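Chain IDs A, B, C and D follow the sequence of writing; residue 1 opens each chain.
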Amino acid sequence: MDLTAIVFYLFSIVTVGAAAIMVFSKNIVHSAFALMFSLAGIAVLYVLLYADFIAATQLLVYVGGILILILFGLMLTEQAVTQKFKAVTVNMLPASLLAAVTTVLLVYAYATTSWQMVMPEERSETVYDLGILLMSDYILPFIIAGVLLLIAIVGAILMSTRLTAIKNEEQ
Amino acid sequence: MVQTLKKSWTTFKTIFTGMGVTMRHLLQPSVTLRYPEERDELPSGARSKLFVHIDDCIGCKLCERACPVNCIAIETVQATKDVDLGKTSTGNPKRFWITTFNIDMSKCMYCDMCVPPCPTECISMVPEYEYSEYDRNNLLFQFSELSADKVTEVKEKAEKEQEEKQRKKKEAARKKKAQKADQTSKAKQKNSEG
Amino acid sequence: MALLIFATLPLLLIVGYALFAIWLERKVSAHIQDRLGPMRVGGWHGWAQTIADMLKLIQKEDIIPTNASRFLFKSAPFVLFAASYAAFSVIPFSSAYIGSSINIGVFYLLAVTSLLTLSVIMGAWASNNKWSLLGGMRTAAQMVSYEVPTIMSVLSVLVVAGSLNLMTISEMQTGNDILGFLPNWLIFQNPFLIVAFIIFFISIVAESHRVPFDLPESESELVAGFQTEYSGMRWGIFMLAEYADMLLLSLLGAVLFFGGWASPFGSYLSGPVWGFIWFMLKGLLFVFVMMWMRWTLPRYRVDQLMEICWTILIPVSFINFVLIALWEMTF
Amino acid sequence: MELMITPWLAEPGLVHFLIVSALLLSLGLMAVLSRRNVIMVLMGVELILNSANINLIAFSRYTSLSLEGQMIALFVIIIAAAEAAVALAIVLNMYSRFNTVHLDEIDSLKG
């Protein structure tokens, strides 16, 4: 086994294990931190797939942004400030059945398909090519994504100001 | 907008003023001393530990009486006639053995009232302030230099002399009485004769 | 094996630097207050004081609160330190040493340092203590907010430099050609970069939570913020990570604005060893300024902190970014 | 059997990454279906998005998709960020109105 294989197995175990802890943990904040380890593991998998820029973006956006938002959401909804909080699960049987069936089907499909593979391109960097692509072929999605983010920010701010307005009315 | 710019300008200016002040203090020598190695000179007349030149003490007990907290304890024994205790450095003759001269520094409140009354200037406050102790009893300073044997000897002597004196006194008194009685009897005789 | 030695070099540097910086902090604070500071341990000006303190911390009992979430509580300091140590791998210490000369250097650094926020929340929540939680939430809010002006000012440097690789950025700043005597540092190449540098410096002070933005651990109101429940070597690692973070951001500022390992005298006094010395001097200068500021300025309030970020720094950094881009296009 | 599996395990290729992503997808599905807490459901959605991203990037490395796959993954990340911001604002609103974050207790259409 070479180093790549060792790193791959190590971090896929971390990723999947942390995801499992996230799903089955009783404490919802533990779930959130398990998600952090899972996302960081996925970033390492991206590096193994020669996608260094995406890996850094994954860390910056998911771990540094979305996860902190989620944690803030947890703390602000007063569910997580105490250790005693118990997570409630419903539909355990159908959910696990569905998940198991999905896994089996997908793995079967992946394993039996004969993929049209090409020899992996040895790239030293992706940033330059990604930038060229972003500014040429993908310029429209890029602008739309920017507008979408702007709208999302404005919407989120508007909603949270309405939230304070509602609270003030109540008082 | 103008307001904001002005505010920002004031912010920067005041920050730099403050940083200038701290930089000046960074460069100037420190005002503290590394205590056990370096220390300030005490001012003259600083009140601290009491000290007694026992050789100069004449046993007048003025300091004991002056002390408001009774931290000085003196016991004296009068010297017998056959010993000459000498003179103090100020020229006063010494007449008492100082058998105890204890100062309890744990009681002392540093009022300095014992120092001025001393006629021979033998009690004084010395510039020493590091005499903390683990045991409170160690703060009881004994200045008397007489050994226990000497003290008993001196006491016995003094008692003997006292007895002698008393005996003499008594004798004298008896003699006087006898004389008086003699005189009166003689006078009576004269009267009866006369 | 050689790789392992190569990888532990920055660790030695960080530990040595942290010992020195903590000593320096105490000396600077003492001298600013007209005191002397530690003088006894180790002879000359008490240089061994922090080593003694570290030995004491190692011996101390490691206390974990009964109701703490044990795994998270134990791992938080290590995640924090790992995040800030991972970021050191892209810092070019001299023209001969860089951990990994990857093409997305600055981006990677910013991405990895965003883990710091999470590990602080981790430790804060796991302590199960209200001071810790308040401090942790404040830290998270502060670091997330100040990441925006940091990234904007870094981006405006990247517009001028045209590369994300910190080694390339350092290399292009060697020599002194501007006006005949000024070194080719980026801050002299574009007048708007001075504004960008001021914004960058304010943001890194806030990101490494130093005074006047030390709300996460403001002693007088929150005991010690997120590290309230920590003791012994775990607390020591928090301290180490904090100082490492300070050095990391200072060195980043040195690379981005002041030429990294480039000598200020052109080719005179350059070379790998001198480069390392110049680089550390530049970084330590920023660290010293942060210490100097700590003993000058009072602390901001939480709402003031947020107001400075969102109403002044972020708009100014955006406008400045556009101006820098325009300047680059015209000249 | 052993002879076949060992070299397959020793060299991680496309299928290995796809299997990891399949596992993540089913775990995300599980979280979405079985938890009552809105934020937990959101975390499940993030996991599903990530499993899709692993697929995209794996394809971009091992097939002729080249960098296009990474490009799409980048847009997925952007959209996930926008989604998280809006979703959490909605959750906070919901909490202030219904005083709960359990999905099955939020059943009235009028606020």
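Assume a residue touches a chain if its C-beta (ideal position, glycine included) is under 8 Å from a C-beta of that chain, and two chains touch if they have at least 3 such contacts.
What you are looking at is a predicted structure, and each value in this text was computed from that prediction instead of being measured.
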- Highest contact-pair count belongs to which two chains? A-D
- Distance from the CA centroid of chain B to that of chain C, rounded to the nearest Å? 64
- Message: Centroid of chain A to centroid of chain D, CA atoms only: how many Å?
- Response: 6
- When centres are defined as mean Cα positions, the distance from chain B to chain D in whole Å is 90
- Averaging only over C-alpha atoms, locate the centres of chain A and chain B and give their separation in whole Å. 85
- Per-residue overlap in chain A, given as positions that touch at least 2 other chains: 53, 57, 65, 72
- Item | Every chain pair in contact, whichever chains are involved | A-C, A-D, B-C
- Message: Per the contact definition, I'd like the list of chain A residues that touch chain D in the complex.
- Response: 1, 4-5, 8-9, 12, 15-16, 19-20, 22-23, 28, 31-32, 35, 38-39, 42, 45-46, 48-51, 53-54, 57-58, 61-62, 65-66, 69-70, 72-74, 76-77, 79, 87-92, 94-96, 98-100, 102-103, 106-107, 110-111, 115-118, 120-121, 126, 129-130, 133-134, 138, 141, 145, 148-149, 151-153, 155-156, 159-160, 162-163, 166-167
- Task: Using the touch rule from the top, collect the residues of chain D that touch chain A in their complex.
- Result: 9-20, 22-31, 33-37, 39-40, 42-44, 46-47, 50, 53-54, 57-58, 60-64, 66-68, 70-71, 73-75, 77-86, 88-93, 95-97, 101-102, 104
- Per the touch rule, the chain A residues reaching chain C in their complex are 27, 29-30, 33, 36, 40, 52-53, 56-57, 59-60, 63-65, 67-68, 71-72, 75, 80-81, 83, 124-125, 127-128
- Query: Which residues of chain C touch chain B in the complex?
  - Reply: 28, 30-36, 39, 292-293, 295-297, 312
- Message: For the complex, give me every residue of chain B touching chain C.
- Response: 4, 8, 15, 18-19, 21-23, 25-26, 28, 30-32, 34
